[in-house]
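Here come two complexes built around chain A, the first alongside chain B, the second alongside chain C.
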Partner chain A sequence: MVTLTIDGQSVTVKDGTTLLDAASAAGIRVPTLCFHPDQKVKANCRICVVEVEGMKTLAPACSTPVREGMEVRTISQKVRMARKNILELIFAHHSKDCLQCDKNGTCELQAIAEEMHFDYAVRYPVEIKGDGKKDLSSPSVTRDVSKCIDCNRCFSVCNDVQTVCALSRSKRGYQTLVGPAFGKELAETVCIGCGQCVQACPVGALTVHDDRDEVWSMLDSGKEVVVQIAPAVRVTLAEALGEDPGVISTGRVITALRRLGFDKVFDTDFSADLTIMEEGTEFLNRLKNGGALPMITSCSPGWIKFCETFYPECLPHLSTCKSPQGMFGAVIKTYYAEYAAKDPEDIYSVSVMPCTAKKFEAKRPEMGRDGYRDIDAVLTVQELAKMIRYAGIDFGALREGTFDEPFGTGSGAGEIFGSTGGVMEAALRTVYEVVTGKTLENLDFTVVRGFDGVKEAAFDLGGKKVRVAVAHGLGNARKVMDAVRAGEAAYDFIEIMACPGGCIGGGGNPIRNWKKLSRRMEAVYRLDKALPIRKSHENPAVQRIYRDYLTEPNSERCHELLHTSYVDRSDIVK
Partner chain B sequence: MEEVRIALRNVGEIDPVSVEEFRARGGFEGLKRALSMGPKEVIDEIIASKIRGRGGAGFPVGLKWDMVRGMEADQKYIVCNADEGEPATNKDRILMSGDPLSLMESMTIAGYAVGATKGLIYLRAEYPYLFPVLREAIEAAEQSGFLGRDILGSGFDFSVALVSGGGAYVCGEETALIESIEGKRGESRFKPPYPGAIGLYDRPTVINNVETLMNIPAILTGGAEWFRSIGTSDSSGTKLFTLCGNLNRRGIFEFPMGVSLRDLIFDVGEGVCGGELLAVQLGGGSGPILNADQIDVGLEIDHMGPHGIALGAGGVMVINDSHDILDIVENTMEFFADESCGKCTPCREGTIQLLRLLRKIKSGRGRVSDLENLEELAEVMTMASLCGLGQSSPIPLISALKNFNEEFVSILEGRCAPW
Partner chain C sequence: MRQLSRETIDQLQRLAAVYKETNERLMEVLLEMQKLTDNCFDRETLGVVSDAMGIPESKMYDYITFYSRFSTEKRGKYIIRMCKSAPCHVCGAREVARSICDYLEVEPGDTTDDGLFTVEFCECIGLCESSPSVMINDETYSDLTPDKIRGILDYYRKEVSP
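== the complex of A and B ==
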């Protein structure tokens, strides 16, 4: 243990603690910009500099380890002068349109400026970074370099955590740019649209591609506008509207969507259950008939594009199942259209997702038929929260609504799709009962839950040992996939989610860190536990659609509607 | 004035890549002596010599080595910083082209002392003609058993590899240099941790400048006491000076630490050409700019003295009075605005704003407040930048403001506008 003094307060912390954490232990919050609790320390913004007795220069609190007897001042005259100048230097090279900015009100730079009483004129001529053009090329992420403060948080998550490396740094000094190499637009890069950079950006340089305007206009169009909401949405939307992380708001989301003018509100849990029926059957077929193993889940569109780009030779390992969004999209424009006696042309299908990559998925040519799209628009949790605020809806005061028929609600198995390990657990619940014909006693496969990067387990399915792995975050996926590609992966079934934590960590959620993520995860399993039906094959709406329309899992019609194919996108990295 | 040639001992005297000629002048004797001692004894000898780094920061070499020696690791590295990018310095080029075998010998000694088996020379990209020379020297040393496996039957293995620099000034900064070797963008890392603990490929790494290393064999053959007897109590040994600019005689010269700047200019350099002495920039691009009244000073590593002088890399750029000091400062500040790597805010944004403020003042449109702002920004950059580049880049400007105050004030007051 090390004892030091910070702003006159004695504090004792573990050896190796940074001054930032030591200050926090002393009840002092030092301002930060490039620091992110889930990332490596970068120490480049210098806004957190503090004064250490005996040191000639100021020390960045985020990277400086404590020493015994250190005397630290976090608000000395020198520190205040340095921070003021640094902030001023940033503002001299930063777009000033706070009022039009997507991050207005949630921007970390804005918050620091307010805290630091930045009420004076910048002493330098203000210039805007880059060419002033927004990069709207990606259906998932919008990049506005004029807001970039070169903190490198996006670079860190894209390269170190996700290992996608769509973002790099070019030029140097004042011309330094963080963004795609060679001045390309995001859509021309290996970007897989996961939106983790959006989660990492402290300012408005990287934001969710905004589709609100189109949806607003469709709500008044006379078409039937239906909406599905993904499992993770119900545990993150309340947070996006200022409530605590992990607050469950399923019923209120439904009511809010109705108030906004959506005609029908459906539960993506239904198609998550459908996914389990299809994927579980596919897996058993592969086991029995010698298909490509390990089979890998295909629910996460960021992961799909990652696999298509970096592991094209592994595409046969991917389940051919569409994601729950994709399945629901096809079901809405066919089964539901028949049910409601509507022309698919007259149905506008929206999905609310925790995910920015779903925006890309919805635009894939595979996701449509007969000239229309299965999903017409994808809104992220962030966008829906803004629409609710725009409409002046008091979210806290809403009554609980229920989902519309004919899909009703989903099972607990569908519910846990929102968390890493959820798809695997849901599949195991169904596959076990299908294979063994016995009722599963303990539904909780806790070994595949939690935040470990790669989770491994083996289960006995009626005498057959099935080895599974669960990876979340594409850096972890890469480790697993390198083994698969090398033929060294001793697994039969792998779940991969592009985002850390799974969908609850998706790029379209409110900005988060690990702490918030664990609260969201707890909520997911709370939801599952509370539901009367916790197995996909017991969902009555699922049973009905097979009986009335799809016949049986993996039938010809299922293949036509619920399964898909993949594209080798590796040219870009060759 | 008579030179004292330690680092330059073989330069011009031998065929640079001839092991025979090198050995005839005592080459590899330092290595032999080192191998006959224990690694700790070698380090003790280096510590006792009080030799400090010649790259600019002046860190005691023995302490650096001792730190790395004390680290547990599966691999350690010796990196030779040959990215000589400091404007107005040229010494390492001369050393490497004239006596590359000494560099191999020194790196091997360092490797033996700290327990490293791999050495890398990070060679400035603008010195491509040195690649074949160094490569030949490596091969010659290998063929004669002074590099490679089981050196001189000692059981100690050491290899040296060449790495081309990335062409950026910042890569002379040791942590940016490491990043560059690792194939990354040349940007400084924050310290601590220091490279001695977490360096190249996250392994303990000794990084020494070429000139520093060239002294090592001489210390082992001549002894620490002899080495300490040269120079000053604070800075032992000799220093290479690059005399350049408006001098009658320019070149690389080696003198004991403490040598008078006046003597370097008027004796060694044979005086100022093309006019009278206006200014001297000492140390290199990031060094202070002195006026003609400030040259009566002995040069050693961190002689703070009345004028706040630091020796840096040993550049002595002499400027005659046909120049305007503001032109000189502007040129230097352009250099830093161009060479800032862009990682940390104060340097990335500050270097350009310093330059703009300076240009505003220079154009005659400046106000007294601009001068104050400039001083404040310079202070913040010095205090808050991530690495030595940002921290020292305001030095030429700040020193010029102080040492040529009249020029700045007269422009601000509109008394003369010769531009």
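== the complex of A and C ==
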């Protein structure tokens, strides 16, 4: 342990602690920009400089380790002068149209400027990067280089965590630029739209591609506007509106959506259950008939595009099932249209997702038929939270609503889709009972839960041993996929989620870190525990749709509506 | 966009293998590669190279644009690197630089119309004792005067590349 003094307070911390964490232990928050709690230290923005007795220059708190007897001042005159200058240097390169910025009110730089009383003129020539145009080419992520402060947080998550490597850096010093190589637009790169860069960006340089305006206009269009909400949405929306991470708000989300003018509110948990029926059956068929194993889940559209881009030879391993969003989209424009006696043309189908890649998925040509789209618009949690705020809805005071029929129920199995390991656990609950004909006594497959990068387990399915793996975050997926490609993966069934933590860590959620994620994850399993039905095949709405419309899992009609195909996108890397 | 010849691609791939075997000498290998491709790594070339080396394009681009000896735009056959550090400067580097630019009818950073020369500035090349100095590709020339450099440029035009 090391004892030091920070702003006159004595504090004792572990050896190797940074000044930033030591200050935090002493109750002092030092401003940061390039620092991210889940990433390695970069120390390039310098806003966290502090004064250390005996050191010639100011030290960045984020990268300076503590030493015994250090005397640190975090807010001396010298520090304030330096930070003021640093802020000016940043603003000399940062477009200050805060009013038109998506991050207005949530921007880390704006917050620092406000704290530091930024009321003075910048003394340096103002040179804003880029040509003033935003990159709107990706349906998932919008990039505005005029806002970029070169902190490298997006680069770190894109290259080190996700290993997608769509974002690069160019040049150095004054001319440094973070963005795709050769100044390409995001749509021309290997970007898979996971939105983890949006989660990492402290300013408005990378934001969710915003589809609010279109949805607002459709709410007044006279069409029937239906909306589905994904499992993770109910555990992250309250957080996006200022409540604590992990607050469950299912009933309030439903009421808020009705108040916004959505005609019908459906639960994606229902189609998650449908996914389990289809995917579980597909898996059992592959086991029985010698299909491509291991079979890999296909719920995460970021992961799908990653596989299509980097592992095209492994596409036969992907389950042909659409994601729950995709399945629901098809069901709404067919089964529901018949049920409600509507022309599919007159239904506008919206989904609220924790995911930016779902915006891309909804635009895939496979997701529609007869000239109409299955999903017309995808809103992220962030966008819905803004719509609720704009409508002046007091979210905290809302009554609890219930989902609309004929898809009123979702099971606990559908609910846990929101967390890494959830799809696997949900599938195991159903597959076990289908194969053995016995009732599962303990529904909690805890071995596939948690935040370990790659989780492995083996289960006995009526005498047949099934080996499974669960990976989340594409860096972890890459490890598993390298083994699959080499034919060395000793698994039968693999769940992969593009985002670290699964959907609760998706790019469309409120800004994440691992601490918040664990609260969200607890909420997911709390919800599962509280639901009366916890197995997909016991969901009465699912049983009804098979009885009335789809006949049986993997039937011809199921293949037409609920299954899809994939394309080799590896050209883009070559 | 230009198309690399099959032969150039083969050569690039052979050089890439040198790096891939050891994960060493990246800088050296890339400098060799650059000689084959008009002294530049454009999109097509970098695509071939990153594929052959197994390094993502984003990381290659980061590396290439960081070091001034690489370029992502097509340059001349001979790169003239004019030292702009203080010792050369006080010994008349500015006059020598002007002389080069006037003689070749280009501005610093530009390439001559015949594609033979690109004129660039660089930091100290370690020949301060005989300033001012320039590098032309891998050769160094010192104790320069405006007249002397014109003679050297003529030599490159007539003798090295007739």
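Definition applied: the second predicted complex is superposed on the first by the 574 of 574 C-alpha atoms of A that agree within 3 Å, B and C clash if a C-alpha of one lies under 4 Å from a C-alpha of the other, contacts with A are read in each partner's own complex, and residues count from 1 in each chain.
Heads up, the rule we're going with is that a residue touches a chain if its C-beta (ideal position, glycine included) is under 8 Å from a C-beta of that chain, and two chains touch if they have at least 3 such contacts.
Quick caveat: nothing in here was measured; it's all calculated off a predicted structure.
Annotation: superposed three-chain arrangement on chain A; chain B versus chain C shows a clash. In the superposition on chain A, A:Tyr124 contacts chain B only, with no contact to chain C. Once the two complexes are overlaid on the shared chain, A:Thr402 sits clear of chain B and of chain C alike. Applying the stated contact rule after C-alpha superposition, one finds that A:Arg46 touches chain B and leaves chain C untouched. Contact with neither chain B nor chain C is seen for A:Ser221 once the two complexes are overlaid on the shared chain.
When the two complexes are overlaid on their common chain A, residue A:Gln9 makes contact with neither chain B nor chain C.
Within the superposed three-chain arrangement, the count of touched residues of chain A is higher for B, of the candidates chain B and chain C. By the touch criterion defined above, A:Lys171 lies against chain B and chain C together after alignment on the C-alpha atoms of chain A. Of the two partner chains, chain B is the only one touched by A:Leu89; chain C is not. When the two structures are aligned on the shared chain, A:Val573 is found in touch with chain C, with no touch to chain B.
In the three-chain superposition model, chain A touches both chain B and chain C at residues 169, 171-172. Residues of chain B that touch chain A in their complex: 168, 185, 190, 192, 337-353, 356, 373, 376-377, 379-380, 382-386, 391.
Those residues of chain A whose C-beta lies close enough to touch chain B in the complex are 41-47, 49, 57-58, 60, 63-65, 78, 81-82, 85-86, 89-90, 92-93, 123-125, 149-150, 152, 169, 171-176.
The residues of chain A lying in touch with chain C in their complex are 158-159, 165-172, 180-182, 573-574. Within the complex formed with chain A, the chain C residues making contact are 43, 46-47, 51, 56-62, 65-66, 72.
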